[in-house]
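This is the structure I have questions about; it appears just below.
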């Protein structure tokens, strides 16, 4: 957007919203929003506690574990679906079902099977992230240009070399899938902990709401949002570096 | 005036995902779908029979429990309760999401101010706000409706925005060249051209809405289907709990695929070529 | 072969083809177009377009020919300079100009008939009258029988005929055509070009055609404006002397046609590479 010929960066809009938030908070216009400055002031308070350190540890560890699992399994399923038609015909429907299903409903099952601890959170992250990675990998493999594969065969590439060729040419789609998986995984790590509610940020949220600590509540949400958005941004950057590759392919 | 038409050079890879999802499911023949269902449900039944976990009933046991709950009316009653926040929330999301998405697509200033909010909402774990909403608005219907709105609104708004932005600039130019007024451009060209992608966004929004409704009923207070899940777990009637979960997942998937089918029949002529 | 010897005063220049043809319907004066404050797309364009003539804007990609056409249409604003149509300065699209789009720009949800009548619909012409007029022009471009089809049921060439019928239906003085045949396969393109020559005999209109095809420009045009790229300037103006009254296919074998293609290519090849 431009005002009098100057480009106003998109992030500036967020500042406008923060100011509105502050005003809403100061005048108690909406019950949900304490003044933004108050939220900021309680940030150190939230971060300083040992329970936060514990929550952060659980969140990061189970997130990374779940995501790593989802990436490995997701790419594996996607490759299988892309390369073997039979596997695709059997799995395709299920992958699509899980993509649009309300996965939160499955968390109680996970809780029964994996207990009320971080394994449940790991499993939830995995469940949220894996399907989109599988589907995008499949699309990438199916997308790999036939002439490229014929080239590989014509030049006598071995099975392993051809698989590498396919994987590399599917890389843009795989990365796109991982980016979406990263975002879905963050939702999974939060939903998992909220439902388990006795560990990590879930426990913190219960603590704050029992003690009516609104500003603390928001501070924790801000941290979570910042975590999610910086992850998404990080992957965006990574993806931009692979972009040239997708552009030159077509 | 020229603001919406000049920027279309930057058409990004936005349309790719939804259309790819759409095409994936359609080309598998029915026999394979049935086979696939049988295979997975069979695996579930076998896993249940191995008794590896006391709380893991097999497929048949779960279906029996499902039938029992449908027959005694408890399932129907639960869905009547669940439908309330779901439908209300979706209607609100639809109204706000489509109108703000279209406004963002048409006006640069609205886009500048509002788009970052929706992008944040879509990338961030909005579920974290549910405890806060409960904290402020209590455990009643209002909180549950808000939960549904918070999850389904962003995807609807952003897809409506992208849909408007993806309208071919030559179509808008065409309307302008025949001296169409801004009104004629918007209602005669932009909205009809954007509607297939908008509808796809609404479909994704409905899927998110189901998620929101379930989360609300699990997190805020157990009512409706959430109550069936929580209550049956607490009295260790696991087959009934699984049946309740099975039913909500199935209902969501069926609703979404019906919407998808509707989408294809409504917009099919345009999907081919042009 | 250099470029300079080919100018309007050369042997090809039109003899006194009647004063009516010399009458300028569009005057372009000192047009500059700068994108984003730095990229100069067009630099100091001064041109006249003659009433009733078919003029081609020819040049390699990046020479700003489409930009110029869109400025004439009023779809783009020039950075400086002025365009006058019938003596009136252009500030936006007008009823005396109709545009034919490279990608056809048909509404996929509307039938051929409704697409062809769209220009009239926007002007508030009653349903009966606009459909009657649209039918007339659909017939004229050779699409009768397809009125109730949708664009996706037509081939590329047929879609562009709908675009042409739509432009003709509003009865504008000038038809602005932006690479109308570039998205159409070669055989269809030839047929289309032949039809366009025939159509010109029925519809006494002024045509402006943007193209990157030398053959197409020579085959169709009374006058060819060659643009050079980066920044877009008028490099030269050529006036083909080709008799188009006979067999349309025979034109492609006349020495005038073939020689002129070679000459233009010799002038343009310096810009390609």
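A few notes on this one:
Chains here go by letter, A, B and C, matching the order in which they are written, and residues are numbered from 1 within each.
FYI, contacts are C-beta pairs under 8 Å (C-beta built on N, C-alpha and C of every residue); 3 or more make two chains touch, one makes a residue touch a chain.
Labels paired with UniProt names: A = Bicarbonate transport system permease protein CmpB; B = Putative aliphatic sulfonates transport permease protein SsuC; C = Bicarbonate transport ATP-binding protein CmpD.
Small disclaimer: the values here were computed from a predicted structure and weren't measured.
If you draw each protein chain as a dot and join the dots that touch, you get a simple line with two loose ends. With centres defined by CA atoms alone, the chain at the far end from chain C is A. Chain geometry summary: the mean Cα position of chain A and that of chain B are 18 Å apart.
With centres taken as mean Cα positions, chain C sits 51 Å from chain A. Averaging C-alpha coordinates per chain places the centre of chain B 47 Å away from that of chain C.
Within chain C, not a single residue touches two or more of the remaining chains. Of all residues in chain C, those touching chain B in their complex are 70, 73-77, 92-95, 97-99, 101-103, 105-109, 118-119, 122-123, 150-152, 166, 170.
Against chain B, in their complex, chain A makes its touches with residues 1, 8, 10-11, 13-14, 16-17, 31-32, 89-94, 96-97, 99-109, 112-113, 135, 138-139, 183, 186-187, 189-191, 194-195, 201, 205-206, 209, 212, 214, 217-218, 220-221, 224-225, 228-229, 232. Every residue of chain B that touches chain C in the complex is listed here, in rising order: 2, 5, 168, 170-171, 173-180, 184, 188-189, 192-193, 269-270, 272-274. Against chain A, in their complex, chain B makes its touches with residues 20-21, 24-25, 28-29, 32-33, 35-37, 39-40, 53, 55-56, 108-109, 111-117, 120, 123-137, 204, 207, 210-211, 213-215, 218-219, 229-230, 233, 238, 241-242, 245, 248-249, 252-253, 256.
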